[in-house]
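Reading through the structure tokens given below for one structure.
Per-chain residue numbering starts at 1, and chain names A, B and C are given in the order in which the chains are listed.
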Amino acid sequence: MFAYAVKRLLAIIPVMGVVALFVFSLLYIAPGDPAAVIAGDIATEDDIARIRAKLGLDQPYMVRFGGWLWALAHGDLGVSIFTNLPVAQLIGQRLEPTLALTLCTLFVTVALAVPIGVIAAWRVGTWIDRVVMGFSVLGFSVPVFVLAYLLMMLFSVRLEWLPVQGYVSITEGFWPFLRHMILPSVALGTVYMALIARITRASMLEVLSQDYIRTAQAKGLASDQVLYGHALKNAAVPIVTVIGIGIALLISGVVVTETVFAIPGIGRLTVDAILRRDYPIIQAVTLLFSGAYVLVNLAVDLSYTLLDPRIRY
Amino acid sequence: MSAVPAALAAAPRSVSPTWLRFKDALRRHPTAILGGVVLLAMIALALAAPWLGTVDPQAVSPVKRLKPPFGEYWFGTDMLGRDVYSRVVYGARVSLAVGLAVAFFSTLAGLAIGLVTGFIRWVDAVVMRVMDGLMSIPPVLLAIALMSLTKASLENVIFAITLAEVPRVVRLVRSLVLSLREQPFVEAATAAGTGIARTLVRHILPNTVAPLLVQGTYICASAMITESILSFLGAGTPPNIPSWGNIMAEARSLFQIAGYLILFPGICLSVTVLAVNLLGDGLRDALDPRLARRM
Amino acid sequence: MGIAMRSSLRLLALGAFSATVAVSALAPREAAAQKTIKFIPEADLRSLDPIWTTAYITRNHGYMVYDTLFATDAKFQIQPQMVDKHEVSADKLTYTFTLRDGLKFHDAQPVRSADCIASIQRWAKRDVLGQKLGDLTESWTAVNDKTFRLKLKQPFAYVLEALGKPSSNVPFIMPERLAKTDAFTQVSDPTGSGPFKMVKEQWVPGSKVVYVKNTDYVPRKEAPSWAAGGKVVKVDRVEWLYIPDSATAAAAINSGEVDWWQQMPPDLIPVLSKNKDVKIENTDPLGSTGMIRFNHLQPPFNNPKLRQALLHVVNQQDYAIAIAGDPKNGKACASFFTCGTPLANQAGSAVLSGKRDLEKAKALIKESGYKGEKIVVLDATDQPIVHPQALLTTDLLKKLGLNVELQAGDWGTLITRRSSKEPVEKGGWSIFHTWWVGPDLATPALNAPLRGSADKAWFGWPNDPELEKLRDAWFAAPDLAAQKKAAEQIQLRAWVTVPYIPTAMFIIPTAYRSNLAGILVSPMNLMWNVEKK
């Protein structure tokens, strides 16, 4: 298995290579000139040209691509065109809120969705099942920002239980951190929850129809033990797969959630950078996301060995 | 003598067992039928837009801005005085077009690529790395970046979202092809000398229809939501052409004083997406319960 | 129900219960330490160099950490700020400036003549008025550390106006070591001599900027008036929190999480006006002016008759409402100079402010020989001031029966595309919209879009030598009365050649909590004099 893990880690390099090439080429072709944005409304074309030259934006494709790769190999992510700050520093500042938001969301989602899916499978066909599935489909069908606004209106503005916006680091206190994280996590996690509840239910249904479950029940095991001890463990593989794939979904939602709740995270950093054509940031963040996605999926694949002893690499 | 043909004539025509099973399963899933009906109703609404009492959805009239609904204007007017009812009805066209077009093109492209990569080893290695790469870029960011490529337009939105969805279809088709490839009937066909193309088309393709159909409905639903998120972030269809997503996005800061601007398109979007999802669920359950695992 | 069900439900219930207890038991917290102002700025601060970029947010940042030699007051008079006294020689060719006592940079170095000279020279390379000054400058010399001299090649009436320019680019004074940076390269060290210090370590671009009071700053004794007068800081700390979503910002100021919202969309006034603790005011006397800008190089708007046609149908009231929402915050101003400034006038304005005449417009279109050429209107959907203007204009053009296509993109795309001089078939443009703040359109010296310098002109490239001659005549005008006459002449010419059409003047209101006092009325956002109770 160790060999497998190493092989997979090495395979990340070509994937990231594809991503890097794709992103860089996209930005190269894209219209939109950061030099013009920088120069401002009153600038003349001469001004813009000079700024562009200073930023090295008038160089040919291979020179710029090669330069970027060379810098990357030395761990240099470049400097933001607009703020003149190192990209690594900008990302570092914004990583914590996004990470916190993502982890909170994951935790809330899995903790709620898996039991709900289990219950729905156990009581398939009853009103409980229908209600649960109904809500889960509803969860897919409402755009994240609508949900976010609704939650904000209800809990922050009307009831005043929770803050409207912002992020407080956990180092400044657990309760303030939590209070600021609740609404964003719920808004973001709803779609994810719907997905996981469904797949849990489907997977559990499949497992529950197996003979060995009937045997366990016939042996007199309590339903608890049957459900969680036997069924869920066997149903786990697809569930964990979906959790892994859903990370990409989560990141898309993170962008919206960070905008609505004014959380200074990576999602917003990226959208702002794209709209301004701050190339170094866009390139670096895309690589970061891809890397994270690939690593998460590797972790998911490796976790299969824990969940299903039949799976060996 | 004539009793036999008469009896034959009187007997019911033989129906394929799959179709019977399908009809029976659908009957047990009334929600799927409901979903299908709602979807068709929305499509009909979109097509019949000019005859449903609408005015030009792009006509601005600042003096009439932000008039409340249920008065002179059925759904009220927006911040530029445009009639919300007309925009919502015409918006159905764009939102549905995005959903259906993305579902169609991504399924088609994914099918084509998936069939080839499932069968030809070396193509598989290269293409799957590319697909992995594409899939690892968050769809919304990919779409925003692509939108920034040229002007905002309906075609570009469809292209961007399709590009983001194709890798998932490819993965699905590929896994189907890989498993089907080992089946005896495929091996038999290869042994009999059937070329790759014929094998693909005659044997493998028909078995992919069911899961692709289901996946297609989910893609349609997700594409409609993605379009609204893109509009929210300012990278969706250009706002003068209404879509449910961009009507909501333009009105987002006004939801406390003119909530109806978000309510009407929001309900339409949610109901339609819900309908498509229910339809997909029903199709999946009806076509093959084993598909539940692959979804 | 089954045991399994019970245990699942138990888990869920426990989780939900503890969450509710935790949440409701926590009362909303009071705002942080008394003397911190939490402020929502108009945009995200990206660049720290107000010479390198003309972005207004960077200019506002400049007013926090830098100081200027002179400044414009509310009566449009130029007042000394860092300068203690100044003398002008009899032949008007030599200006001698002496700095005040006690001026220090944030790194404790004293402000010397060399710093001032280097800063002005760097500014003069980028700024339009500075370039004019630079062309006429013979030399700058430092007599000693506190006195320096400017020698001109010929008399220039606007030396002090230039050095006291209120809006982009403002001639802020930086340390010499930073001012020696090339004018096209960013300075990222915010060391200045202004009333605030920026805490750069706490800067989170896109989210938060932190300033603290500069305790070494020596304010002037006079009362503050725009950027002139004494800059007395009455709080300890200011945080700029960039909240991009206006619904969120409104909720934040309603709940007290922020104290001051620089620019709130007028449509949200009803949301805040119900709150007793929030005040809404117009603190910007000159507002901003929107405009329709033509491409004078390409058909069809290279034909003045077609541009004039539009003058007869543009309804400034419509644009005002579309941009400002509330009639209180937007109004018509049919002058090429900002209404409310000395040079604004009504000469020839009837063509824009009189009764709208669709027939006359159509007649002019016929006269122009319009053959159905495609008109491309650029739109930036992420700009709440550009976007409605683009939609209105497109609608108007359609009503006139012209062949128009609205091309939507974002601001970044628009400002890239507008630099294209190509025909529309090759990605060019015919019309784009933008807006300028009041001070930037107030005089022919500053009003860049009103120039007719063809290739050297601002985007749109009007070619009008006659207009340039009238502008030079204004520069030569000896007194205010003559300046006003010259301005009228310029405006009359502009109605004929239509370099752009001003659409509406609008003021974006400010909202602040009632425990703040002393917010200055000024066209630039200034944060001294404000106290928090």
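Basically, contacts are C-beta pairs under 8 Å (C-beta built on N, C-alpha and C of every residue); 3 or more make two chains touch, one makes a residue touch a chain.
Note that this is a predicted model, so its numbers are computed, not measured.
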### Task
Could you let me know which interface, A-C or B-C, is made of more C-beta pairs in contact?
A-C
### Chain occupying the most central position, where position means C-alpha average
A
### Query
At what distance in angstrom does the C-alpha mean of chain B lie from that of chain A?
23
### Task
Could you put a whole-Å number on the gap between the CA centroids of chain B and chain C?
45
### Query
Approximately how many whole Å separate the CA-defined centres of chain A and chain C?
38
#### Entry: Where chain A touches two or more other chains, by residue
31-32, 149, 259, 275, 277
### Task
Would you pick out the residues of chain B that each touch at least 2 other chains?
148, 234, 252, 255-256
### Task
Return the residues of chain C touching two or more other chains; collapse runs of consecutive numbers into ranges.
245, 247, 382, 410, 412-413
### Message
Under the definition above, what is the set of chain C residues touching chain B in their complex?
### Response
245-247, 250, 265, 267-268, 270-271, 318-319, 321-322, 325, 379, 381-382, 387-388, 391-392, 394-395, 406-410, 412-413
### Query
Can you list the chain A residues touching chain B in their complex?
11, 14-19, 22-23, 26-27, 29-32, 137-138, 140-146, 149, 153, 199, 202-203, 205-206, 238, 248-249, 251-253, 255-256, 259, 270-271, 274-275, 277, 282, 286, 289-291, 293-294
### Query
Which of the residues in chain B come into contact with chain C in the complex?
58-60, 62-63, 65-66, 79-80, 148, 151-153, 234-235, 238-240, 252-257
### Partner chain C, residues of chain A touching it in the complex
31-34, 36-45, 47-48, 50-51, 54, 80, 82-85, 90, 93-94, 111-112, 115-116, 118-119, 122-123, 149, 152, 156-157, 160-166, 175-176, 178-179, 182, 222-224, 226-228, 259-262, 264, 268-269, 272, 275-277
### Summary
Given the complex, residues on chain C that touch chain A span 2-5, 7-9, 11-12, 15, 19, 22-24, 26, 28-29, 44, 46-48, 52-55, 126, 128, 168, 182, 184-186, 188, 204-208, 241-245, 247-249, 251-252, 254-255, 257, 382, 410-413, 415-417, 419, 434, 436, 440, 448, 456, 458
